[in-house]
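All chains are identified by letter, namely A, B, C and D, in their written order; residue positions are counted from 1 within each chain.
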Amino acid sequence: MMLTQLIFGIAGGLLFAMGLRSALIRESLLARILAVNVSGAGIFLAFVAIAYRGLEETPDPVPHALVLTGIVVAVSATALALALRRRLEEADDE
Amino acid sequence: MNNLLTLPVMIPLGFSLLALLWPRRASSIGILGLLATLLASAWLAWRVAGSGPMLLALGGWEPGLGIALHADALSSTLLLMSSVVALAAGTYSTGYFRERSDRARFWPLWLLLMTALHALFLSGDLFNLYVTLELIGLSAVALAALGGKRKAVEAALRYLILGLLGSLLFLAGVALIYAGYGTLDLMQLRNMLAPEPVAWIALTLMISGLLLKSALFPLHFWLPPAHANAPAPVSAVLSALVVKAALYLLLRFWLDIFDDVVTTFAAWLLGSLGAMAVLWGSWKALRAVRLKLLAAYSTVAQLGYLFLFFPLLAALPVGAARDTALGALILMALTHGFAKSALFLATGVIQQKAGHDRIEELGGAARALPVTVFTLALAGVALIGLPPSGTFQAKWQLFSAAIATGQWLWIPVIATGSLLAAAYVFRILGYAFASAEGVKYRIADGREELPALILAILATVLLGFGSIWVWEFVTPGALAVGEVP
Amino acid sequence: MEITLWHLLDSLLAILLLGLAWSALSGTDLKRGVVLFMAFGLLLSLIWARLRAPDLALAEAAIGAGLSGALLLLALRDREKSENKAGQPMSLLRLATVLLMLLLAASFALAYVTAVTSNTGGRLAGLAFGNLEQSGVSNPVTAVLLNFRAYDTLLELAVLLAATLGILALGSERRPFRRPGVLLGALVTWISPLLVIVAGYLLWTGAHAPGGAFQAGALLAAAIVMLRLGGMTSEQLPHQLLQGWLLAGGIAAFMLAGYLATFHDLAFLQYPAGWAGLLILLIESAAMLSIALSLGLAYLGGSPSGWDERSSRGKRS
Amino acid sequence: MSFNSWLPVLIVMSSLVPGLVIFLLREENHLLRTLLNLFGAVIKLLLVGVLIWGVFHAQVIETRWTLAPGLDLVLHADALSVLFVTLSTLLWLLTTIYAIGYLENAPHRSRFFGFFSLCVTATVGLALAGNLFTFVIFYEMLTLATYPLIAHKGSPEALRGARIYLAYTLSGGILLLIGTIWLWNIAGPLEFAQGGILGSIEGLDPIVLGIIFLLLMTGLGVKAALVPLHGWLPQAMVAPAPVSALLHAVAVVKAGAFGIVRVVYDVYGIEFAASLGLLTPLAIAAGITIVYGSLKALSQDHLKKRLAWSTVSQVSYIALGAAILGPLATIGGVVHLVHQGLMKITLFFAAGNYAETLGIHKVSEMNGVGRQMPGTTLAFTIGALGMIGLPPVAGFISKWYLGLGAVEAGIAAWILPILIASSLLNAAYFLPILYRAWFLRAEHKPLVAGNRVKTVTPPALLWPPIITASLALAAGLFAAAPYSPLEWAQLIAEREYKQ
């Protein structure tokens, strides 16, 4: 167990909660989309912190792979959400 | 080698690519793919029924490092149901989407959704489950937004964001589990998990994510708009399958993987929320102005019934009585799946033929669309829980379990819920049977009306008189992840 | 354990990150929020590097900060009615939400700390390194992504495809930018080929060093973004049918490779002995193109011109 | 499987299948529909004949199909079920003929006859039900099948009546369901057995059994129109005459009464029920209903409404019979199941004929109908006299045995007054009708008969009431003959009091 893991893990938890809160209370859709991304990043941070095993040892590659997958999933979701939002605003004009 | 396990996932995926590459043949490719998927699922269920649960270590890596696929009675049953519903709704969609370009948009996404659902039913790995949840979410949202009507798009966007939050809660739990137990494989976890803070908090996070996705009261608020504004075939699958997927995971975790971790208090919490969902959902359904909204709220209520089982299962000692209750739970889920999809498809027919789905203006429907109204009636019987339908046997066991465990509290809830259900179903029928002159309906053809009828018959006649098969097939090895030779 | 300089740096990074996130989320000015979010992404990739996750650093920089940022900036052009309202509830409720947030964070942290302190083993690392030789690649992350947990990656490509199809189904692309000034024009013409080359290198090196399909794909997508900024119209994209094949390619390659094994009576996605390296390279190449095109189309914001004609064109093709 | 294990299913199918086929027929396909109806009805009658023979020779005739762990769908033929099956099958045939004539070129006939057949299917099903679970299933199906028949006209008041009917029966159904499940939960499979099953089971809490009995009786009482659960019955009058006839004589009301008989005799067992002290409340409820129904009938001018209230009163004779300990009362109650059916269906057929031929709906318009429609009025008269309980019509037999039973049980003190009072009341609301019909001369006839100078009732409408009336008469005259309803009732009674 090392301090670095704890620091970033706890930071991850904070980000996760912070994003969740904003995603629920913000009116603006764009803000909510940002918030979801921040929240996800928090969990990713926790994952990578779990994988970290100090300066000497090479870290656990599995969480890295999971996070990489997660990042791609996140960007896909963001892209879709933004497209929906744009479509929504166009529909407004109609 | 059990590579058969991959087929229900990979067939729809492959055909979705084909539908993407040959858009002009999208419909025929799609139907073909769903037929193949159905065959594969049936074969899988047959194998499971014959020789018990199956396991496949993907890539040949030992579970833990690699990902394992599991099939047991529960998962293969749901697999079968989703294949049937998908095929029926898909067939209906060929009549629903008149534009070829619409069909070209619809089919690849539709098959991706099936891929996602089946991947979820079979997956044996926590993180993989997260990916399948996201795949379900995104493809479902994309489908719900098809047609691009403002209301639909808005509902889809909110649905997407909430779905993402649900997945994130789930993922947070996964991270904690990996940190604490160093594996993501359900089979290994099941033997490692112990009632301790890490497991509790992780489970709480994952369960709340799943509750959000399965729209348990009071987290249901996103469901009615999303389900009521999507295209009819999509609504059918959203209500019948997508919420069930989250529920399936809930069951899997609650009764199987986290069996030692869950507490009776939590079960009671779920039960009470379920009770509120039954009453609130049924009431809103009764007050609904539009048929699709009614159907959506009735989904909220019907899901509530399923959650009533949790405190009962917690109270029943492991053994025959508990198995019976579990079988009833699954039977109810199946019946609702078929009945609700039938209801949504029939609603779609009415909406297209009458040009609206306002309940109070359905006069003359019974004469213009007898088959569809008959379908509504059959589906209604199943939703109320009257014989002959699987729901009746299921509710019987639900009542019985409540009496046996002395949890009398639920009995008035179920009774009231059933009466409210009867009220809203016969409200529809009352207006549909009322004779109204001058109402114009367009003629419906078989591929529009028959799929719904078949689903309704499955819910009433097949599951009504064949209900024992569910018990015989499901209960012995219902939750047998990890009990594979 | 002793507090070293590293730990101070870590705390600094963490606090900075939290600060960025907070200010990105709490402000009502969305443009500012988006910019701060991109900064957040860059800082995050720095932290990945610090935590010895170079693959993630690359991916985060290219995708997390880069492409998401580009998409968000583009999205700023679409006005929202709801935006102008200050999206904050009244103070008391606000306080409550903050408390709930802290509660959630605290419980997560509690579980996390207990987990990490109680379980100090290598978790799956040992297994992963133990099987690295058989995996066909020497970069452990790539090994996990494309061999040990290849199924995840396969489904992940499906997620990307679903999102892309969803976007395409929603309507036509944004209007292309007008031709930029000489300077940007020249910049684009120089940078985009460069990006393509780097992408190819990343793909190749991914087998043994940081990099791989995702980072490479993201860079290619970045090239598309640059060209788009340079006024590219969708006619300059490959033919619609070819686009379809490119989108499908990644998944198709995966499935073919996966079932190839089953003919040798192996498990799905189990690469025949000695083939792993080659198969992984092929899959990655196809995946890279799919990812690049998907993200590129996402930046276009809708179906490129002529996408729908595919379905209604005559018998030919 | 032997033929005997198929027979009950066939009997149910013989009306189910034609019903389902009829749904698919086009409206104008009159001939085929009629053929299907009659074919089904006749086949059913023949099968029932075989059934009677079998039961008389004490054969085991049973179909069993497992639906869930511990829940079997059982169709089983015993003396009681045979009595009810025969009644409903016979009356279905006649009612079908009547309905075919009645609904000449009315709209939605396919729908009507479809649900009509389903209605009979459900009735026969619950008559043959071998356990309480099966009974409940068909009981609910009956509710579903009857709703469209009551709502058939589609007019606002028709829909209203149907809605009220549904509200009552479904709520009752839930109570019945809960009671049944509770009992099933503590006493295991509730297979009907002569002499009852609960008496032999150890360690059942009498309080619980009492509560369950209350639940069951409430659930069944709704359909049997026990006061105060009778509210739907007068509302359901809006239904077409054949439907009312079926509702009051065999299908719904009778199903409730039959259920009460089943629960009292074959689930609880009459002696056991008596030992629990459950019979007296039931008897009181029945008594109140008998008097109250007759009183309400007095004040009705609308003919069908008056008949409806008289049903409320008459059906409770069956419940009363079940509520008095002793074979004689049992005989009286059980035999009234048949007698009331025959007499009441006659009355409704006749009422329908008055409405169809002369457009008469009110008692006050019935002056001199005897001369215009002698056949119908004769039938009506027989039915009415039977209801009053005058010998030699069947009604007398029922009341006679009920009276004897009351004496035997030693509660004559308050039962006999009820019987006498109700008979007097019956006389009070039937005799004036007969008087008007026969002895008053019809004033303002053209107004009533419209511009039709000569009024004739088509044979399809005329013969059913005449047949049922003569059956009611025969049941009284030849009560002692073998195979007569009374004979069966006695057979049942002695089997119920074996131990």
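Note that a contact is a pair of C-beta atoms (placed from the backbone, for glycine too) under 8 Å apart; a residue touches a chain by one contact, two chains touch by 3 or more.
None of these values were measured; they are calculated from a predicted model.
Looking at B-C and B-D side by side, the one with more C-beta contacts is B-C.
Here the CA centre of chain B is 31 Å from the CA centre of chain C. Put simply, the C-alpha centre of chain B and that of chain D have 43 angstrom between them. The distance from the centre of chain A to the centre of chain D, each centre being the mean of the chain's C-alpha atoms, comes to 70 Å. Our note on geometry: chain A versus chain B, Cα centroid distance of 28 Å, whole angstroms.
Under the contact definition stated at the top, the residues of chain A that touch 2 or more other chains are 9, 16, 19-20, 24, 29, 33, 46, 50, 66, 69, 73, 76-77, 80, 84-85, 87, 92. Across the assembly, chain B contributes residues 127, 131, 134, 138, 141-142, 145, 148, 153, 172, 175, 178-179 that each touch 2 or more other chains. Residues of chain C found to touch two or more other chains are 108, 112, 116, 122-124, 128, 148-149, 152, 156, 159, 162-163, 166, 170-171. Because contacts link the chains in a way that matches no line, ring, star or complete pattern, their graph is best described as other. Pairs of chains meeting the touch criterion: A-B, A-C, B-C, B-D.
Of all residues in chain A, only 9, 16, 19-20, 23-24, 29, 32-33, 36, 39-40, 43, 46-47, 50, 63, 66, 69-70, 73, 76-77, 80-81, 84-85, 87-88, 91-92, 94 touch chain B in the complex they form.
Residues of chain A touching chain C in their complex: 1-22, 24-31, 33-35, 37-38, 41, 44-46, 48-53, 55, 58-62, 64-69, 71-80, 82-87, 89-90, 92. Within the complex, the chain B residues that touch chain D are 320, 324, 327-328, 366-367, 374, 381, 386-388, 392-393, 396-397, 399-400, 403-404, 411, 415, 418-419, 422, 426, 430, 433-435, 465, 467-468, 471. Considering their complex, residues 23, 65-71, 73, 107-108, 111, 133, 136-137, 140-141, 143-144, 147-148, 151, 154, 159, 162-163, 166, 170-171, 174, 177-178, 181-182, 184-185 of chain D touch chain B.
Contact residues of chain C toward chain A in the complex are 1, 3, 6-7, 10-11, 14, 17-18, 21-22, 24-26, 28, 30, 33-34, 37, 40-41, 44, 47-48, 51-53, 55-56, 59-60, 63-64, 67-68, 71-72, 74-76, 78-83, 85, 87-89, 94, 97-98, 100-102, 104-106, 108-109, 112-113, 116-117, 120, 122-125, 128-129, 140-141, 143-145, 148-149, 152-153, 156, 159-160, 162-164, 166-167, 170-171, 174, 214, 291, 294-295, 298, 301-302.
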